[in-house]
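Each of the two complexes below includes chain A, the first together with chain B, the second together with chain C.
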Partner chain A sequence: MKGYLGIDVGSVSTNLVFLNEGGIIKEAIYLRTQGQPIITVQKGLKELAGRLPSGTQVRGVGTTGSGRHLAGIIVGADAVKNEITAHAVASLVLVPGVQTILEIGGQDSKIIILRNGIVTDFAMNTVCAAGTGSFLDQQASRLNIPIERFGEIALEAESPVRIAGRCAVFAESDMIHKQQMGCSLPDILAGLCEALVRNYLNNVGKGKELLSPVVFQGGVAANVGMIKAFEKELGLPVQVPAYFDVMGAVGVALLAREAVVKNGMSYFKGLSVAESKFKTGSFECSGCPNMCEVVEVAEDDMVLARWGDRCGKWCNQVNKEEKVS
Partner chain B sequence: MRIGIPRALLYYYYYPMWKTFFEELGAEVVLSSPSTKGILAQGLKYAVDEVCLPVKMSFGHVLDLAGKVDYVFLPRMVSVEHRKYICPKFLGLPDMIRCLDGVPPLIDVNVNLYRKDRDLYTAVKKAGSYLTANQIKIWVAYRRSVAALQKYNRLLQLGLIPEEALAVLEDRVKNEPLPYPSDLNVAVIGHPYNIYDPYISMNLVGRLRDMGATVFTSEQVPEKIVSKYAERLPKRLFWTLGQRMIGAAFHYLDRVDISGMVHVAAFGCGPDSMTGDMIERQAHALQAPFLSLTLDEHTGEAGILTRIEAFLDMVRWRQAEASGL
Partner chain C sequence: MRLTFPHMGNMYIPLKAMLQYLGADVVLPPPTTKKTLTLGVKHASEFACMPLKLNLGNFIEAHERGADTVVMAGGCGPCRFGYYAQIEHAILREIGCDMELIVLEPPEKHISEFIAKVRKIAGTRSWWQVIQAIRFGYQKARAVDLVEIASFKARPRELVPGATDRAYDRALALIDGAASPDELKYIVEEALQIMAGVAQEHSRPVLRIALIGEIYTLLDPFSNHSLERRLGLLGVEVDRSIYLSEWVNDHLFMGLIKGMRSKKEACAAAAPYLRHFVGGHGQETVGSAVNYARAGYDGLIQVFPFTCMPEIVAKSILPGVSDDLDIPVLMLIMDEQSGEAGLMTRLEAFVDLLARRKETGEVVNR
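Up next, the complex of A and B:
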């Protein structure tokens, strides 16, 4: 089998997807990043290598998510794309005719508006992270319920309580207050889902025309309570695609496929990078009062990349060959 | 005598004028260093919590001049044109700064042209009096400073950003820079002290140029066009900078050669929250690609980078679609 690999390194999860040459999804792996992007990517590659039939040829690889640059360097990516473009590409292929994409991830939430198969508008949460997966995660653990069961418990609600969703910190104190008043757990959880949906639509969805078909993706789409809250608020059916939690990886695998066809070659280093030793470190540059935190990635003592400096003093040292023209 | 000018706020509009004026009167003008983490840290430490990021930054710039100059020129900018005001935070700036320890004495003349343009000369005379009692000298210096400002404004209208225009004015480069190679034009609308300070804006202009976009800003739009387009509002705006942003934004939204618009707001800026929304509504009504960026103290660049990458992807996608590719 020949195919393309997509890797989405997000704040909460790292996802890997393998597509065959016809674009059919053959394998999808969802892992928790747990603050260790490199190790998680390597773990994912190892797992993928075990699942794929022997003799499988990876013809190209793409990376996306907030860790896309790091992951791209580790594996030798053909396409390094932002998650908005990657999500839009995946939805367009998996849900033809999609006009609205609601995406809620670990630490950001976004809305993408498409018309006639192209992105016409998008928005991401601004400086506030209320209404993202991390908040649900945190509240679930505070209430001592596994996040996987959050949604089904919320569905048992009889009359969801009103929770202020404007700010995550105040939402939490509101919830504690409601708990102490004696409201039932399902009602509180359903109220929380509704508050998040309200906040999302007011903040990210502000002023946008949300038309059907509406697709809901990202890790939070696993929460049936959230799906129901969206349907109630929008008055529209909300679809959750089969691969909702790995859509970014699907999209970037498709983009890698395009890039490899265009370039006629791939930079992929092979699944064996799972065995390589990568070392990352950071240091504070003392060249000027910016005190930039420079991050360095090395493979077997060879520096692969540096970033984080505003002036380019460190990152240009590595990219020198590229810059000469 | 050494007179310090903080590289902040209205420096981006008036520096050539101020510099010429004081140098004509025999002073040595010292500019604070470009914004750095260290300067911002000082600003954050001493500024009141309520002000916006660029005002906090200006505190840091004044403190950067401490010990290097005899006076800091910090005019109280009340109004720079008939019947319009500058943001109220600028009115109180000299008083807020004066309270800090170790700040050199201020030259804080009142610039208030709200009633009549001639009132400017009262401020000019007072500023000049710190250096000479000779009224003719002050008049000549004033005329030359106005000429320098006109030259600077002409360069800005040609599409140079302040840094480039100053380099030309100060003969640091021998020819005017050519436009960057690009395949699309993007308008960047925001307060000059946000978009032109590469630290505050995380080098937004430079990044857009690196990604192949030519940047258009409000400063390139002549005053006449600004007021003509701002008249589309049902009511006159009373902020000079807000009027400039609205007029320029409406003008760019009307131009077919501008493919998209990025609005930059500082978190906590009152005028931005209003003008930004008015511009966004207009952009939506015209279905123009629009991106809103909110800047604050965070130094993580991933968020900004993801948004502008996705935005340019979207603009290019739409362009390709429109040209039938």
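Up next, the complex of A and C:
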């Protein structure tokens, strides 16, 4: 088998997918990043190598997510793309004709508007993380219910209570208030879902024309309570693709395929990078009072990349020759 | 009297030249850095916009270097910037950095108002010398702008990464060093040659994005996270709705120099959407958006500091311009909380959006 690898290193989870040459998903791995992106990526690659039949050829690899640059350096990526582009590409392939993408991940939420198969507008949460996966996670553990059952319980609601959803902190105090008044758990959870949906639509969806088909993806799309709340608020059916939690990885694998075709070759270092020793370190540059924290990634004592400097003094040093054609 | 003034991108080059031509003792604040911002944030009110915080930081750092008089711009529009000089002066006094204040305000009716203020700095020098000093300052501003425009064109096409940055720094240093108007004439040529010497791949396809919005965050790379440089490295040729020399011509010379892009054109273009001055550059932002869309730019980025009233007015109008003229607009709001990762994700996604649009657009047109 030949195919393409997509890696999405997010704040909460790291996802790997393997697509065959036709773009069909063959393997999908969902891991918790747990603050160690390099080790998690290596772990994922090792697991993937075990699952794929022997003789599988990886023809190209792409990385996305907030850890895309780091992961890209580690594996030798052909495409390093931001999450917005990656998610849009994946949705377009899996849900042809999609016009609205709602994406809620661990710490960010975004909305992507597409028309005629191209992205025409997008927005990301700026100052507020209320309504993202981390907050739901935290509330589930406070109420001592497994996050997987959050949605099911919310669906049992008879009359969802109204919860102040503008701010995560106030949402929590309002939930406690409603719970002390004697409201039932399903009603509170359903109310929370509705509050978060309202917050999301006011924050990132403001002023945008949301047309069907609507796709909901990202980790939070596992929560049926949220799906129902979106459908109720929008008055439109909301689709959740089968691989909703690894869409970024799917998208960037597709982009890697494009890049490899264009370049005629791949930079992928092979699945064996799972065994390589990577070292990261940072130092404070003392060149000026900006005191930028410069991060350095090295493989076997060879510096692969540096970033974090405002002026380009360090990052320009490493990739000086790269762009020469 | 040891004069200092706030930073705003490359403004220090012409302003220092003008003041020194008049024989003033200039104390340049150190380049704006995180330390400057930290000082400003510490002493300014939290909801003041970022320019005030950075100005304040510049003044405190200049005071440490021995400056005793602040030269600051003023204004009389609805934008609260008009009052910043006085506010900053009061804050400085409170924290024990007692400094004199000279406010240079754009003349409301005639250039003579401005010249009278300059007189205060110039002391006993003749009017002729004052006018020559202003001219010298203006010529440096123009030189700096030409070099900057050349860097915008070179960066997305450079063959050796970082070559444009290095050439740009060298060219600016040369202009900064020019001691007289006669010398400057030769140096401008040399600086532009340095910029032309950046090896470029001219056939490389690039996107064109225009930056519009508030003057400080447009002109000051520290406050906008070196937006132009980042876009250049993503393969985008940028242009800006405001250049220092154009601003000087519009606001200080009252459009004396002909043949330059002026605010009149921008305001005329804004007419279908906004027919009234709303403070700051709100009206120009709308008008520039229209002009850039007509000029065939691929996209627009509006940049402004958090809480900037004139730009908020423009922001609410821009979606209409975007729809009517079919040009995508991205809004970037800058303050001390702005994170770099979020900015990069937005810029990359916006550039991807424009690239895909352009590709499919070209297919349809064929």
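Keep in mind that, in the parts below, the second predicted complex is superposed on the first by the 322 of 325 C-alpha atoms of A that agree within 3 Å, B and C clash if a C-alpha of one lies under 4 Å from a C-alpha of the other, contacts with A are read in each partner's own complex, and residues count from 1 in each chain.
The rule we apply is simple: a residue touches a chain if its C-beta (ideal position, glycine included) is under 8 Å from a C-beta of that chain, and two chains touch if they have at least 3 such contacts.
Note that the structure is a prediction, hence the values are computed from the model and not measured.
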Inset, instruction - Mind checking the superposed model to see whether chain B and chain C fit together on chain A or clash? - result: clash
Inset, instruction - Once the structures are superposed on A, label A:97 by its partner contacts, choosing first (chain B), second (chain C), both or neither. - result: neither
Inset, instruction - May I ask you to decide whether A:316 touches chain B, chain C, both, or neither, giving the answer as first, second, both or neither? - result: second
Legend entry - Touching partner for A:83 - first (chain B), second (chain C), both, neither: both
Inset, instruction - Count the residues of chain A touched by chain B and by chain C, then name the partner with the higher count. - result: C
Legend entry - First, second, both or neither for A:237, with chain B first and chain C second: neither
Legend entry - Touched partner set for A:287, first chain B, second chain C, both or neither: neither
Legend entry - Where chain A meets both chain C and chain B, residue numbers: 66, 81-85, 116, 118-122, 124, 126-127, 207, 288-291, 310
Legend entry - chain A contact footprint on chain B (complex, rising order): 33, 36-39, 198-199, 203, 267, 280-281, 284, 287, 289-290, 292, 294, 296, 298, 302-303, 305-307, 309-311, 313-314, 317-318, 321
Inset, instruction - Flag every residue of chain A that touches chain C in the complex, lowest number first. - result: 66, 81-85, 116-122, 124, 126-127, 207, 288-291, 310, 312, 316, 319-325
Inset, instruction - Under the touch definition given earlier, write down the residues of chain C that touch chain A in their complex. - result: 30-31, 33-36, 158-162, 165, 201, 225-226, 229, 319, 328, 333, 337, 341-342, 344-346, 348-350, 352-353, 356-357, 360
Legend entry - chain B partner contacts - residues on chain A that touch it in the complex: 66, 81-85, 108, 116, 118-124, 126-127, 207, 288-292, 310
